[in-house]
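Please go over the structures that come below.
Both complexes below contain subunit A, partnered by subunit B and then by subunit C.
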Partner chain A sequence: MSAEGWDAKSRGNALGYRVFGFFLHCFGLNFAYANLTYVVLYFVLAAPKQRAAVWDYYRRTWHYGRLKSIWLVYLHFYRFGQCLVDKMAMLHGLTDKFTFVKEDGYDEFLQSLDAGGVLMIGAHIGAWEMGSPFFGDYAGRLHIVMFDVEYQKIKEAMHRGEVQVPYHIIPVNDGELDSIFRISEVLQEKHYVCMQGDRYVNDARREHITFMGREADFPQGPFIVGAKMRVPVYFYFSMREGKQYRFYFYKAQSNERVGSKAHQSDLLRQYAMVLEEMLHRYPQQWFNLYQFWQ
Partner chain B sequence: MAAYTESLIDRLSEELEISRESFVPEALLKDDLGFDSLDMVDVVVLVEEIVGVRLKQSDFIGVRTLGQMLDLIESKRQE
Partner chain C sequence: MELLIEQLKQQMIEALNLEEMTPADIDTDAPLFGEGLGLDSIDALEIILILEREYGIKLTNASEAKSHFKSVRTLAEFVQQNRTK
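Take a look at the complex of A and B:
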């Protein structure tokens, strides 16, 4: 089982991706953003579970009033739509439409990449995919861990020549050994692995912590890999600021015994702390659109 | 039994928090020891650290018990 209300699938299909790509090429980004104003309204009305989750986020996590929350729910879906548009634009090769800003920690991050074997743990905030062109020559050694259903969609689009993916993908299915071995192998080959640390698919492998003042479950997997594989662990986020994306790199540091359970928990604790900091800076870019908190 | 076996099993028992007595050759990795995919991270890392052998997924085809896994490690070590 996975996190309640989340089924590892995203909305959208191959035809949708194709039509969207066509419009992006013909009419540009601003046209796509303008169309979002009514598309988003449809989704706000037609996606009650996601709407309820965002409502809960503003009402119970941020403690905003009803009127403000109504407006923020719409805005939240709109920001989500903008990030999706940006990701599609990037996959269709329109990278020159964006500017990228590196935050502190980038030089140290590059040094780790040069040394080889780095685990990056991201989250469903902002749009991490926007970083792939920014990684330049490093992208060839970048392996993104994603759920198999998502991978199949991208693979189909790649076969049709509709999208360009500069990184490698490690597809995962719950309980399968392939992905764990693949992650281990590419890290040993001094490549980089990027995985998301905020969603779990295995009920038995989750850790309960306080996050943003509320109780929530996080997956153990990324933090087990981070603790055991003896490679530098970075928390990586790519956040939207208009047509500019700002990249954040935080290196995890732990005094716990390498590989121990305490080490895993310490990594998760640091991750949650950094993720909270990101949400305080970019509250509208929290894209876990399901009942995340208990 | 190879010299490293005791050390490897001790570390697996400690890291995975599984009783040392459960590590008998006929123990099924999944059903008796409760190994899941994330536990294999420990197996791969500890085998490399203690025995100096790097295991791949293809090595595990047909491996179901602890005894079979130890035989696999020993055969890889002798390669």
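Take a look at the complex of A and C:
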């Protein structure tokens, strides 16, 4: 039996984003967080698939009891809402409301950025977008790969003048080639590509591994790009600690033949190991809100 | 041109692990992606790397690249016009 996989759709609508944008501008960050308490309750009740996925996460991945899991499901959605509000605040230019902490590996990461093309593989944990103002001048050479459905929402908000996006976006649709040409092009131009390594939409391009003690499928795409393109590969995560974000940079190292299938699998193995470490540190920031495990 | 077409087909069979196929099985004018050979975007990456490694061609214009990847023939024409080795 296979997991259903992500359906390439995201919840939330333009009105919701505009309301919270209004809250942020007029009443500040804490007011927006306070309003999450009832908005989250609505989503817990109105989003059964996402709720079931988070329930499964606490019950079968963390083996928590029912009562604790009920509380953690609510808290999980609340943390998700906080990260969304933070991302909106960042896109509205409120970067001074947050502090940023760099973990070890940052200096080496900067050296790689200075040297040329870099592939960054992130995940749906924390809020990776929080790093873009922090990257400063580097953000202008940063290209985020995201599913078209997510890109359209940002594009609409940009057209309305509600948000400013400091990085470039490479929209991706299953079956279309434009994104892979663009990724290849920008890496050759010594720019940086950031993509997520924990969601697949193409059934034929997934790899089955044990993750957090359970069977799961990961996309092959990001790791094939990492193995083939001969650029440094970093696993990058931006994790919330109150109004502070901590950035993690792990450089992938492999002794396998460059470009080989073994190289690709080795990158995925390392990625999964680091991602597990992140989940142990920040269990409430796993935002892959669909039935991820089989 | 025919030699280049055969060469490209052979290189694609090896790089894309199309082990059960021979160059004769690949229709020169059939679409490479979707219908036809049924390749996907990851296979496109392999072809990009073939162009770079075997013919010294670096794709610098993503918006134009798609038109060269329609079939083996359009790919061969592109290689013939732009190869540096």
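By our rule, the second predicted complex is superposed on the first by the 290 of 294 C-alpha atoms of A that agree within 3 Å, B and C clash if a C-alpha of one lies under 4 Å from a C-alpha of the other, contacts with A are read in each partner's own complex, and residues count from 1 in each chain.
What we mean here is this: a contact is a pair of C-beta atoms (placed from the backbone, for glycine too) under 8 Å apart; a residue touches a chain by one contact, two chains touch by 3 or more.
Here the structure is a predicted model, which means the values were calculated and not measured.
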After aligning the two structures on subunit A, examine subunit B and subunit C and state clash or fit.
clash
Return first, second, both or neither, reflecting whether A:Gly221 touches subunit B, subunit C, both chains, or no partner chain.
both
Check the residue A:Gly213 against both partner chains and state whether it touches subunit B (first), subunit C (second), both, or neither.
neither
Which holds for A:Gly28: it touches subunit B only (first), subunit C only (second), both, or neither?
neither
Of the partners subunit B and subunit C, which touch A:Gly93 in the superposed model: first, second, both, neither?
neither
In the overlaid three-chain picture, which partner chain does A:Pro48 touch, first (subunit B) or second (subunit C), both, or neither?
neither
For subunit A, which residues lie in the overlap of the subunit B contacts and the subunit C contacts?
175-182, 184-185, 188, 202, 204-205, 220-221, 224-225, 228-229, 259
In the complex, the residues of subunit A that touch subunit B are 175-182, 184-185, 188, 202, 204-205, 220-221, 224-225, 228-230, 259-261
For subunit B, which residues are in contact with subunit A within the complex?
15, 17, 36-38, 40-42, 44-45, 54, 56-57, 60
Which stretch or stretches of subunit C touch subunit A in the complex?
33-34, 40-42, 44-46, 48-49, 58-63, 65-66, 69
Residue positions on subunit A within touch of subunit C in the complex are 175-182, 184-185, 188, 202, 204-205, 220-221, 224-225, 228-229, 259
